[in-house]
Amino acid sequence: MIKVGIVGGTGYTGVELLRLLAVHPNVELTAITSRKEDGLPVADMFPSLRGRVNIKFSSPENADLSKCDVVFFATPHGVAMAQAPELLKAGVKVIDLAADFRIKDKAVFEKWYKIEHTCPDLLEQAAYGLAELNREEIQKANLVANPGCYPTTMQLGYYPLLKAGVIDAAGLIADCKSGVSGAGRKAEIATLFSESSDNFKAYGVAGHRHTPETKAQLQKFTSDQVNLIFTPHLVPMIRGMHSTLYARLTKDISNEELQKLFEEQYKDSAFVDVMPFGSHPETRSTRGSNMLRLALHRPDNGDTVILLVVQDNLVKGASGQAVQCMNLMFGLEETTGLTQIALLP
Amino acid sequence: MIKVGIVGGTGYTGVELLRLLAVHPNVELTAITSRKEDGLPVADMFPSLRGRVNIKFSSPENADLSKCDVVFFATPHGVAMAQAPELLKAGVKVIDLAADFRIKDKAVFEKWYKIEHTCPDLLEQAAYGLAELNREEIQKANLVANPGCYPTTMQLGYYPLLKAGVIDAAGLIADCKSGVSGAGRKAEIATLFSESSDNFKAYGVAGHRHTPETKAQLQKFTSDQVNLIFTPHLVPMIRGMHSTLYARLTKDISNEELQKLFEEQYKDSAFVDVMPFGSHPETRSTRGSNMLRLALHRPDNGDTVILLVVQDNLVKGASGQAVQCMNLMFGLEETTGLTQIALLP
Amino acid sequence: MIKVGIVGGTGYTGVELLRLLAVHPNVELTAITSRKEDGLPVADMFPSLRGRVNIKFSSPENADLSKCDVVFFATPHGVAMAQAPELLKAGVKVIDLAADFRIKDKAVFEKWYKIEHTCPDLLEQAAYGLAELNREEIQKANLVANPGCYPTTMQLGYYPLLKAGVIDAAGLIADCKSGVSGAGRKAEIATLFSESSDNFKAYGVAGHRHTPETKAQLQKFTSDQVNLIFTPHLVPMIRGMHSTLYARLTKDISNEELQKLFEEQYKDSAFVDVMPFGSHPETRSTRGSNMLRLALHRPDNGDTVILLVVQDNLVKGASGQAVQCMNLMFGLEETTGLTQIALLP
Amino acid sequence: MIKVGIVGGTGYTGVELLRLLAVHPNVELTAITSRKEDGLPVADMFPSLRGRVNIKFSSPENADLSKCDVVFFATPHGVAMAQAPELLKAGVKVIDLAADFRIKDKAVFEKWYKIEHTCPDLLEQAAYGLAELNREEIQKANLVANPGCYPTTMQLGYYPLLKAGVIDAAGLIADCKSGVSGAGRKAEIATLFSESSDNFKAYGVAGHRHTPETKAQLQKFTSDQVNLIFTPHLVPMIRGMHSTLYARLTKDISNEELQKLFEEQYKDSAFVDVMPFGSHPETRSTRGSNMLRLALHRPDNGDTVILLVVQDNLVKGASGQAVQCMNLMFGLEETTGLTQIALLP
């Protein structure tokens, strides 16, 4: 059994990790930390876990995370970089669900996240945890940077097109929509029910932290200069993410060939479902599951290709993807413990 | 024109007052206070008011409320009692949307609200602002305690039955459901979209502050001992309140006579709609309007009578009712500025 | 492996059976019928099942259900009674999620469901599928009538009190609230998003079909005359049911003793969670899981006891409960395939 | 008083017309037709109108629409073209909320709407009812084609840029999101609460009927060839529309100049609110009002300009806009009866 620790278990990615790990056949939940909730049974905070998760929160001081085989950081940015070096030294693997190790360029990280990076030497050795494009690196890694939710959809969407060199890399437009749980479990007026329900808006159009992460990754797929317009929006639903990705075709290519690019690319990826050309994937078809579904469109058979990509932002976009990485890091079947079927309706 | 001031305009009852007063033909919005938002144009916080409300928030120190004809308190409990005495002395009428003057018994107030009442002498002169049952007192009042949202539905529902003496006053059960805006515009985890949406729960079953208010009022309608079980629930909708009121009939009375009790009682009340016997009123039929709708049921013609009562908790349950009181206090037609039709769908 | 057939797989209880059975370790999905969708892959209608359920709908004529070990009827009322006799004769076990075999009294059934009962002889042999109260009978049954969603909450709530004889059986009031999926997957205006969202209402107050079912079952628990007022309401959420059950205590009993009645009764029931006295269970704590959670309240330590009961109406209230029965009928562990943890948030 | 008739009053645009016209100071509601609901009081179907709208539905045969001064068609496509010729001959003005007269080119209309146009001669004389861009023509018109909801946002958004010749007209991308009420009040599975809630999807990406309407109108604003990619999405909210409009700048222009293009264009348009550069308008800021709000963005000061445009799809996107046209046609102030402030929260 893999001994698992979780740092920061009171947020949405934390409780989602608990939901997934509690039924994972190879995992033993060993420790979960929260300074504020020290001593509180986890199931008292999240009654959905009553009878299923019996451990208590402990303050970071009391939790001996060094006894764990792997520690997940479901924390705000900055926490993992403070604790990861010591854990790694103790032989504990680390998976960070925040952004601390996502961006290789220290200066870029510091510009966007407004904090100093305190262990830049680890940036190089951190594997980027997008298994579908980076499986081998993850398998060998001791430190994994779990991708952002939006970047997951943009990368898995644009990758086959950039790799094949059939689109204008400098003219990418990603119009993305996220459920409210993406904003986290924080006491804030803007995400109150009475503010977010029956409402729709864009946010962060001037610049969102997922832009530099995505651009850097996309740039790895092509020698052309990548330019990306990324517009996030807030949807009045709890879970779910829908990215509408636009690109301009620069090569003469048929719809069948386009479709084939994706089917070939993802034929061995259990969590990527390439739907028939012209489908309209719904976010709910992934609710609670680790699946990402996508479909291609090409209006009037013109030179614009549209990709519709959906996932559950808390699963494939966060905690499920992190467990997927853990499976790879420990030599397990990639899908272990991740076979939940989406809740529909 | 009536010069109107609002203390505490950044909450939901505050912005609802603004929506209503901005189109009221006899009102001039004169001042609105917020310590935190001093100098901010109101429409910057609430873009729905752009082009319609042009005043700015001012700190309490800068706002000369004594120039107003009437001041509304859309504040947490305790604020009105601190400022009302001075305003009243200056000849300014006061309408408190909080609980400071709702409960005549100082000890009961202090037990439930955990603060000392600092102007108990005003308790007696405060009129209880339920116009349908207390019109004349309000007309003459300088200080009005606007009723709580739940109490409004319970009183207007039970009144005709208690007055007619046809039910067991000691066995009242009120199963009530409120939209989330009733919890106010406060940064709290419990009312986040991701916590409240797609979810339903009871709360405060052990004791809710609206219980003593309601019991004291209901007791005024009958010489029998009133006993009330009140169970509030939270509904995943922004606005709306639905009270399901149970009572046991103690007199031989026909359904037609029951229905007539209500129709007679409210025939001159523009904001109470007695629907046909056996109707199922929907909360949305009152969304954004000052209407309260109710309907009677009597399962199997037995001795239990059920009242279904709906209103918009922010309008008839709060700000609309307060404007209704203002109209009476200034000798205006009771419905002035309150003729909005509910938004459906 | 148990060969399973489903009649009527295009509704919400049908797709929920598929979600549960597709991951059940002892089940082989063998046939699923739909006259209208003959030949359509199930996953084309429900993309959440893509890659997980590979069978197609077949018309009743083409589906050889007699090869199955058990057949679930996820159909409107009247279908199971037409097909069950032949299947039972062929040695196939039958579980009906509709009402055909829930009410033992043919006349009562026909009065409420407005159809003739065509196999009244089967009424006696049908086991009522509420495992927590009827486990042994279900284990031996070939035909199971799966309980209605509301009746499940009312029975599991009132049972310990009626059995202990501590409440007035003639004065039960059940104020119940259901998510919209309870209305089924039917093209109807009343359950459109734009009609049901941001809205709350009671319905069927004059008489709901779950009343006679519940009363007949409750009457089995006590020799006192049972009388029940049952008021269903519609909540703007997809899944979830919350029953607020009122009863009047007739015996001198402490809160600890009350609590103990429930804890003792359900200590071996994996799917009933008796929460601490005074808790407020949330429907979302059961979303997607087969758990029913309940908590006791007693306002002012008076003679009214309130039970708050929550479940997912599609799981414990329908398809999960049906699988629970199947497990018992085939000698499996009762919880097999039903260990999903609720999706929160 | 203007005598108003409504054909097809049982849909969402119909009941919204009723909500607006019932408080319009110059209107007398004279007739409302529905074949199916002949004789039913309108308020029985829509309880929100109880006490405010007292007329009954009448079948088309019984309603003498020729006595009206103006008739609104809130009907499916094809109805207005059948009845408009006779009404116009009788001197009755006609406003069609459907598409019958929106597209001047008969062949294009017939290709997209799959019905023959039976009065093509009227196509020329029909004014396109977008008051902000077409005020004078509407003032003189007897027949008005009320614009589609999506086209309203796209035209008011792109117009100042196309007119100024600062963008590439051939590279427009409109990523649009609509509340569910846009799908109408029809019994359909796809728009059930349990299908649409907590879900997000694109639809009609291969071709939506609003594309040809919008392209034809946009083409009138520029001599360059217009090309438009239009991707509609469904948002789990009742009302509201958010269009995210992308365009590539082809001229050297500052952000201040861009902003000024819009402020100048709409300075006399009471229903268009140009928000400060970089704002994020929310749909709820227009809920129930006739306002359209928009804001400009320019990521990284690059050559892509983004317009965020919001409106209530049932008001400025349909019934409110129709009343706005009526006001112009009858020489009234354009804002008469349309001064409702948005319902927030």
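Per-chain residue numbering starts at 1, and chain names A, B, C and D are given in the order in which the chains are listed.
We adopt the following convention: a contact is a pair of C-beta atoms (placed from the backbone, for glycine too) under 8 Å apart; a residue touches a chain by one contact, two chains touch by 3 or more.
Nothing here was measured: the structure is a model prediction, and the numbers come from that model.
Separation of chain A from chain D in touch steps, taking the shortest path, is 1. When every chain is reduced to the mean of its CA atoms, the largest separation from chain A belongs to B. A straight line joining the Cα centres of chain B and chain D is 36 Å long. Look at where the CA atoms of chain C average out and do the same for chain D: the two points lie 45 Å apart. Among all residues of chain A, those that touch two or more other chains are 12, 179, 181, 185, 194-195, 197-198, 236-239, 281-282, 284, 287, 345. Interface of chain B with chain C (complex): residues 173, 175, 177, 179, 194-195, 197-203, 205-207, 227, 229, 231, 233, 235-240, 242, 244, 246, 278, 280-284, 287, 297, 299-300, 302, 304, 306, 308, 310, 345.
By the touch criterion given at the top, residues 12, 15, 19, 22-23, 46-52, 181, 185, 197-198, 238-239, 270, 273, 275, 281-282, 284-289, 293, 314, 339-345 of chain C touch chain A in their complex.
Those residues of chain B that touch chain A in the shared complex are 12, 179-181, 183, 185-189, 191-198, 236-238.
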